[in-house]
Amino acid sequence: MNFSSDNVTGVAPEIIAALAAANAGAMASYGADAVTERLARRFSEVFEREVAVFPVATGTAANALALATLTPPWGIVYGHRDAHFQVDECGAPEFYTGGAKLRMLDGAHGKIAAADLEAAIMGRGVVHHAQPASVSLTQSSEAGTVYQAAEIEAIAEVCRRHKLALHVDGSRFANAVASLNRSPADLTWRAGVDALSFGATKNGAMAAEAVVFFDPAKAADFAYRRKRGGHLFSKMRFLSAQLEAYLAGDLWLRNAGHANRMAARLAEGLAAVPGARLQHPVEANELFVEMPDPVIRGLYADGFQFYRWDNEESAVIRLVTAFDTEPSAVEAFLASARRHAGVSTGARRS
Amino acid sequence: MNFSSDNVTGVAPEIIAALAAANAGAMASYGADAVTERLARRFSEVFEREVAVFPVATGTAANALALATLTPPWGIVYGHRDAHFQVDECGAPEFYTGGAKLRMLDGAHGKIAAADLEAAIMGRGVVHHAQPASVSLTQSSEAGTVYQAAEIEAIAEVCRRHKLALHVDGSRFANAVASLNRSPADLTWRAGVDALSFGATKNGAMAAEAVVFFDPAKAADFAYRRKRGGHLFSKMRFLSAQLEAYLAGDLWLRNAGHANRMAARLAEGLAAVPGARLQHPVEANELFVEMPDPVIRGLYADGFQFYRWDNEESAVIRLVTAFDTEPSAVEAFLASARRHAGVSTGARRS
Amino acid sequence: MNFSSDNVTGVAPEIIAALAAANAGAMASYGADAVTERLARRFSEVFEREVAVFPVATGTAANALALATLTPPWGIVYGHRDAHFQVDECGAPEFYTGGAKLRMLDGAHGKIAAADLEAAIMGRGVVHHAQPASVSLTQSSEAGTVYQAAEIEAIAEVCRRHKLALHVDGSRFANAVASLNRSPADLTWRAGVDALSFGATKNGAMAAEAVVFFDPAKAADFAYRRKRGGHLFSKMRFLSAQLEAYLAGDLWLRNAGHANRMAARLAEGLAAVPGARLQHPVEANELFVEMPDPVIRGLYADGFQFYRWDNEESAVIRLVTAFDTEPSAVEAFLASARRHAGVSTGARRS
Amino acid sequence: MNFSSDNVTGVAPEIIAALAAANAGAMASYGADAVTERLARRFSEVFEREVAVFPVATGTAANALALATLTPPWGIVYGHRDAHFQVDECGAPEFYTGGAKLRMLDGAHGKIAAADLEAAIMGRGVVHHAQPASVSLTQSSEAGTVYQAAEIEAIAEVCRRHKLALHVDGSRFANAVASLNRSPADLTWRAGVDALSFGATKNGAMAAEAVVFFDPAKAADFAYRRKRGGHLFSKMRFLSAQLEAYLAGDLWLRNAGHANRMAARLAEGLAAVPGARLQHPVEANELFVEMPDPVIRGLYADGFQFYRWDNEESAVIRLVTAFDTEPSAVEAFLASARRHAGVSTGARRS
């Protein structure tokens, strides 16, 4: 009944079990343990090349540390106007980079376009201006859409031409991979991505994300930044164990696939609700829906939880599904929406 | 058999159980959940006054965020030369404060003395000099000793006179409280402490610390600093649940008391090992022992794990006990030490 | 013949003379000299109340230090999209504030409107968002226009309601005062301004600006920030002497008045040049003029210096007049423009 | 009569003249002027190799910007405990580096020894520790002594072995060069120095220093740091003109040579004052002298200005000579000291 966010969820049972399993006896601290070592190898398998992996506990830490590694203090990070790192991290990228500038771009359905990026880049080599340094895409996006591999490649081509690093905020990366049916490699380094914030928390972990660098040489400083930011865990095994379980048997993709299907079902069902209008294509696990106010109030009255977006009077609501969303909750939501929208239901009539 | 650190330990069963229990259903994120609310009340009870409490996941985050709240970028933090925040946090306090200066003091047995602090304070109001701003004590200390309440009070008196804030790095605060048999209040705000990094990770939690401000008004900025540092957990309930279980039934004091007793037993036993010399009084759960090299090598050969302190050729070793140290491991260690030191054992004689 | 900027000018003779005069004998360093003391009193007279004054050498230093004093690291500074502190200071405000966010607003003719500011303020008290903290206006603006006292008052009213500090970047404040014929007090604190970057460099000084706080209590930290930024001059008397001469006998207003008149004459003359179109009202010492390309090329060929705005193919040029702009240079420019625009000048000759 | 510092002096007449001369007509701003271009060539001649030169206005800016270029935020700068950048810059190095750590060494007569540096370096590659990054020597030192070329070479050898950059704070570099009779090249890059804060302000300039990088490739970021710090002057010609005049005809060495001779004369004369004891060899333009209190008071009473070092009750005074110290002032000082020390001056009486 709670569609307010995928971070209101608990932990997937496989991951809780992995935490308990990792709790056996003494282990070397700060990442010199066997779990963390296995995890590094596992990530290299998943991404089909040797990568550098750094577990951290929050998405904000992952993003800010990754961007700081790719952006000097006088650099510019380009991204979409609605990006989490601009809107919802209280200036973490500015803090970790030492004061870089975020230059935000408009873009339909939560995505930036290569041409708009190209047009925004200026000032290279001119000392008065902050310097173009990096780009951050959100995959899946803040609008519940996904970047196609070709879209990423086009952006990466702009990056190459202007010597910008390319970062992906993948707090919902699993949802994008599950949606696109492309390999993690295709959606990252093969498309030109340099670093990825690989999210797990929203999709079944307790608090675990991984920063992945596809060229380990570019990650040289990351470990110092992570420690200095207070994000190196002494009992690292418990971060690594979450991520290991998350990758094991493709749990991450199964969880995300379920969430995506629940979102698709909501979208499908809302088509039958008069006055409901999707704001964006539904390609992952978020929906933004314009709804008649009585329907919104009715849904609240029926106990459903979700946010009006992005203010308290808005006629647009956001619905987020998750790895543990019950199909019955989806159906109940749709039934409530239909009822408040005045749709008579044949079944009852009969 | 592993005495290398209290952070090689796993998680206390009570806390693993609490994590599982907290995993029931959806909960509001970012600390607006019931567990976090209960935790705040519990902390106020433990400290016998209303306090502001901020859970974070690492001791470095707790210290750096607390110090940044108490120290302007041009401020000076005074502390002991061996303090963790100076030696082992890769510059986290400098990072979080925006470049404050750490002025380190000598002091016997890991503790600073009020008189030495007084003598070190200078430059107030002179724009050329970084400005005295705060003091950080480590309780229990890096040398395995504890500050008596009267020692803290004397330091707090210097702080009051010079308008310095007083912080306690309590990553092993439980060990100090268990050792001193004084109330948490007596050892903090009643003695003049403004903020405490209240540690749990080393003493049975998975990854959980709390920053406690005894005057909530002084904590106004902390929430922004925490978020911006990437230390606000979306699934906060799992940090809070660890801390709640840690405080429940005085688990924190029972765990610490056990670790302390194991350390005391080691100290007692080492008195019978020729050539073994304690470097500091053993008042908490750490011992620093000068040992003959053959004994050290013998212990390593017998499979015991610990560090030579503070370099690889050192004749001084550090032994750390923990909440889960087996008495039998202690006895085995002592037996090995005695044997390698050439002490004949009555049992064999008979 | 050089209209490219008012910073290509040299130093007004009165100020060169003051530097020589200040060079007599030893004087206390770092601002404890008699010149600096006189200057402070003089500023209080000019602004008709007791103010705190801090001389620095560059406009970027003035702006960044002022904004850092008014904005916490997690704060937001609002300003016009074209503001110097956003576009031309290579991230100095981000650096000095410790990573604050600049939120830029559109606005006709280089000015922000109170209503647009009001609409942009959000997120107060929500820890995920950077926090509204300050507003910076540029007076005269980057478009060569000026804020009327009533416009400032309206913005200040929004600031008061939202508890934002109000800063004015007055690198061309003299031009605004000369243009508006209002007192410095009316255009600053009486209208609700908290701090002013009072420029002198562009208007006849060698390198001297003053940061003025209208409530000295709010300036408590400024001196530490200035020192720590490397902006406290040991031989301060030479900064103060420039500013003293600048204020003496209203040199600042005379210089600015001359520059403004030269700009007005250019604007008037350009009205007679076919195809020349002013982009903004000409209210200070800058003009932005759309010109036919052959005219622009002709002017360059005749040796006039100025920039196409804001790229090298632009049909808009910027013309800046200064305290030392010769009326004959203005007439020569206009004659050249008319000639290249095909205006026959027969009539006047006859 | 004023021996309190070399920064209480005015400007050398040659430099005042150069400022006036640079004031002719319009010039390109921000360093694209002819004076600055000539200056760069001149520096390369003085140092006998191509160097990168960046004029700034204060010694604190020069040091902090240079150190920030050589030291990452998690780096350690090693230097002498009394170094200006540690004691007298209000944390500017911490600010500009983004929070690096200053590790201060003891050392006789204001100088660090290679062996002590070697012993202090530790923690390389260990993520818990701030990382050894750079060394800063003060030449001439805070104790009025100078590093011999061989001493610099020994320190540079340690730097090479540990991959540390070597910076020289040369706010009184001219005094050292004049004292040592070695070429600027011998005392810098030939000895292994990477960057130099080349001071002029204390030795006759108004406000001008230059940061010199001996490998221009290492200076790539400096220009952005300078701009972002607010230290790029729009009317750069006036900084460059000071430095050009300072180097012309070896004014810098003549000025410094004079100051050094005045210091030597003071030292020589003080040998005849009972109870006066030099604390350090007098090798440049500063003397630290223990004096009987009645003598100190007598000198003050006679109108001489100088500081008790380093507190107001100290029996040690500091005397600083400068480019404009009058020989008669030196003799008067000595006569006063002798008189207050009770030395009868037979010659005159007879």
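Here the chain labels run A, B, C and D in written order, and each chain numbers its own residues starting at 1.
Rule of thumb we're sticking to: contacts are C-beta pairs under 8 Å (C-beta built on N, C-alpha and C of every residue); 3 or more make two chains touch, one makes a residue touch a chain.
This one's a predicted model, so the numbers in the text were calculated from it and none came from an experiment.
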Taking mean CA positions as centres, which chain lies farthest from chain C?
-> B
If you tally contacting C-beta pairs, which pair wins, B-D or B-C?
-> B-D
Duplicate of the A-D contact set - from C-D, A-C or B-C, the pair where over half of the pairs recur = B-C
Report the inter-chain centroid distance for chain A and chain B in whole angstrom, where each centroid is the mean of the CA atoms.
-> 35
Return the distance between the CA-based centres of chain B and chain D, expressed in whole Å.
-> 43
Per the C-alpha means, the centres of chain B and chain C lie apart by a whole-Å value of 53
Residue ranges of chain C touching at least 2 other chains are 30, 73-74, 89-91, 95, 98-99, 127-128, 131, 224, 227-228, 232
Considering the complex alone, what residue numbers of chain A touch chain D?
-> 30, 72-74, 98-99, 127-128, 131, 221, 223-228, 232
Interface with chain C, chain D side, in the complex: residues 1-2, 5, 7-11, 16, 19-20, 22-30, 56-62, 64-65, 89-92, 95-96, 201-202, 206-207, 224, 227-235, 238-239, 305
In the complex with chain C, residue positions of chain A that touch it = 73-74, 87-91, 94-95, 97-102, 127-131
